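Before anything else, here is the set of structures, which you'll find just below.
In the two complexes that follow, subunit A is the common piece, with subunit B as its partner first and subunit C second.
Here is the complex of A and B:
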């Protein structure tokens, strides 16, 4: 009896997934449409001189700048890929250190009462301080190198990771805890067999938010102290009055922010392959 | 009967939450290998009763002895089938069935053999690498039952495991439990508010009274298996139990 109905269920499920996939493909047209529309409007606004073209260049020029910047060191003294690597390095170092500290901290705070009471007040005090406020102190301690900028990214990403992880562990299903408990598991065993996997979806939410925050902070960090990096490139664009360089920097940051989130998304799909795939994103 | 033949001895068990008395002076014994159903009106403290039995909550007074010793999940082989779906969502069917045995740190060969046995008995081999959400509710409940039996429990506690199932699925899973019980042999305490289910499954039915709950009556069900729910004797038992529950 079960066999047949299970089989039917599976078939229905596959149909449903196929439908979702098709639907997603259809919906992608709209996404492409909105991006194209934006580029077109931007292009016409510039070509028909609806705005002051000293402040805005057409997308074609910007794309050209992006391409030539790979081989042209002027005016800021760096190739585009050097800037990208520099920024990505800072973002990923800060983000990884933030995760390595933030995830365990959130897990322990969420599971163990003592940790919660011990660390929560300190954490709540640090939490509202914007990452950029740390810049002067960080510069004093770490100078103006990669370490300093990574430290600022760390402050920017760490809070979101801790909070999401904390909530994730807190939301562990009591029934599953009881299952492990009645099997005779110790508290620590329950923590790593039930608590940590339960927190995984929220941990990934935290990582994705933090990655966004990291790219947002890197620009500010580099504007203040750097000799390479996309933020630095934008700053130079402003100094030399090259609007297309500024816009190129902005677009490249957008693209790499997207790639970074996508990488975390792929990792999420692997780690959380047990999750029902109903969501359409 | 000598003391040794009792798997579980409950002596003057009381449990209250603040001023709310839930269990009052419950005393009964369960024999080794017996299948006991506990019935009672809704909200009479059936779940509290089981939670106390598995040490999820401490009794206020009285004691529970398993094999003559105070009940302790780390020492005794207890397994619990909960009312709510409780398959671990990030483990496959097979990993779910292994779960309890791994916590008990049994040797790998033993686990492999035991799990293989359960999977083939429950006809789950086709779905062993599936995740619970990919299966139907009844299949998910089967995983949980499989997990419980895999542990070779001295005492298996089931808390309204089929509460949300339709009639067909319920009968199917009830037969499954009876089959596993007859083949593998363990002591089962099965809580339900469904009188028909209790008479269908149990060797003995314990009837709880309204809150604060105590044991009102213990009825041995002397019917051959498989049981016919339409037979005259079956209906007599059922009617009697229903009368007992209504009668206070």
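Here is the complex of A and C:
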């Protein structure tokens, strides 16, 4: 009797798994179909001349543009890899300085009340100002160049990193703190051994958001003042009326935004090895 | 109001120091600013001059428009983009979280567009729609749409399984469950999305106004930069900060009013 019910349960479970698997496959097919449909519509709208090629080029032309741009300097005076390297350099310099300043600041502000009290008014003043609004000040002190653009990225990434780190360290489990206290740890030891590791997941959330903000900001900063970079490239595409160059730029920016956040995700997996799998998502 | 634990059983002198210390950084900042300004190496105006300009600017005209018109223009742009994005983005995100087929069709398209920063669309949108109010609002719309859709979608798909099962046991129809269970429990996440969207919105608004506009706060900052009128540029910075902070507070109040269970 118990064996029978066990068998029935197993069969039901297998059926359920099969159903889930089939469903997943169905959804996959839907997804592939929808992307293909989008590309096909895009392609045929252009090839049947439903829109002027001044306004839209077919996906094939866009991919061609991406490939030839590696060896073609026209019309903006730079190869694609030069633009990519320029943008990536600005993003990573600004982002790294932002994290090097932002993480410690957030940690100290979250852990030491007096530090919070000292810095907070100034931070609250800077916080709502979007990165781009710093352009006049940055131009004044750093002129035009990689340093200036990196400084703008710094402002774009810094605030998000500080806020997330701050929240992360504040959420440290009080039980863990009490245990450490009972074992005779000093305040700094607790901060170092419990506070910082507990804040790590939130720090990485902050870094990921900041990376997205950094790419958004770099595009705007390069459109405003630069002579290289992906933002500059798409702006030039607009000036010369080359839609394929704009679309190519948009695609490359999207890809590199993804690669950057993927790199942070990898770093997170390495640093947070101790975290149980399937923690979230 | 809870008493600050740091101030328990401490002397009056310490309390005094504690309250003074919060303004300490601000004062230091102003002093440094002032010294840099009067050293004459840069064109930085002094803090006093800037504050004076911030007060008097309301009586002057910049590019034939009073200050209030510039601020009003920026607010109008961001609010109209937000309204359109909320009206379109929340139903879209909820539909993506609620209906599997809808999700399977639209999520891949959405995920392909998502990593592109909104400002990257500026050249394409200006090429398609020219330079005017409508293209500018379209760009801001694209910027604020993403967080709203993503959060609505996440909110709906994270509704506890238990709540839905309870609804089903009580014989709720699909639509009843959507309006009585799923929407209320995802309202918090949707609101978080709108709040993120407001921050992104100011950023995109500023970029579009700095790139091409004849009015608005971003225009003021650009005007100040190009004419070496740094007082004007800093006034613009302050204004955008103040507006951003006011909007954030406004949405906090709105959330507390719409989600009374979140008041604590």
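Simple rule for what comes next: the second predicted complex is superposed on the first by the 235 of 281 C-alpha atoms of A that agree within 3 Å, B and C clash if a C-alpha of one lies under 4 Å from a C-alpha of the other, contacts with A are read in each partner's own complex, and residues count from 1 in each chain.
By our rule, a contact is a pair of C-beta atoms (placed from the backbone, for glycine too) under 8 Å apart; a residue touches a chain by one contact, two chains touch by 3 or more.
Nothing here was measured: the structure is a model prediction, and the numbers come from that model.
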item: Touched partner set for A:249, first subunit B, second subunit C, both or neither; value: second
item: Partner chain in contact with A:30 - subunit B first, subunit C second, else both or neither; value: second
item: Broader residue contact with subunit A after superposition on the shared chain, subunit B or subunit C; value: C
item: Partner chain(s) touched by A:175 [first = subunit B, second = subunit C, both, neither]; value: first
item: Touching partner for A:13 - first (subunit B), second (subunit C), both, neither; value: first
item: Which superposed partner A:185 touches (first subunit B, second subunit C, both, neither); value: first
item: Touching partner for A:194 - first (subunit B), second (subunit C), both, neither; value: first
item: Partner chain(s) touched by A:119 [first = subunit B, second = subunit C, both, neither]; value: second
item: Contact residues of subunit A, present in both the subunit B and the subunit C interface; value: none
item: Complex contact set, residues of subunit B against subunit A; value: 54, 56, 73-75, 78-80, 82, 84-86, 88-92, 99-100, 103-104, 123, 126-127, 131, 133-136, 138-139, 142, 151, 157, 168, 172
item: Residue ranges of subunit A in contact with subunit C within the complex; value: 23, 26-27, 30-35, 38, 55, 113-114, 117-122, 125, 127-137, 139-141, 212-213, 215-217, 219-220, 223-224, 231, 234-235, 237-238, 241, 243, 246-247, 249-251, 253-255, 257-258, 261
item: Contacting residues of subunit C [partner subunit A, same complex]; value: 6, 18, 21-26, 29, 42-44, 100-101, 103-109, 112-113, 115-124, 126-128, 202-203, 206-207, 210-211, 218, 221, 224-225, 230, 233-234, 236-237, 240-242, 244-245, 248
item: Touching residues on subunit A, where the partner in the complex is subunit B; value: 1-3, 5-6, 9-10, 13, 175-176, 178-186, 189, 193-194, 197, 200, 272-276
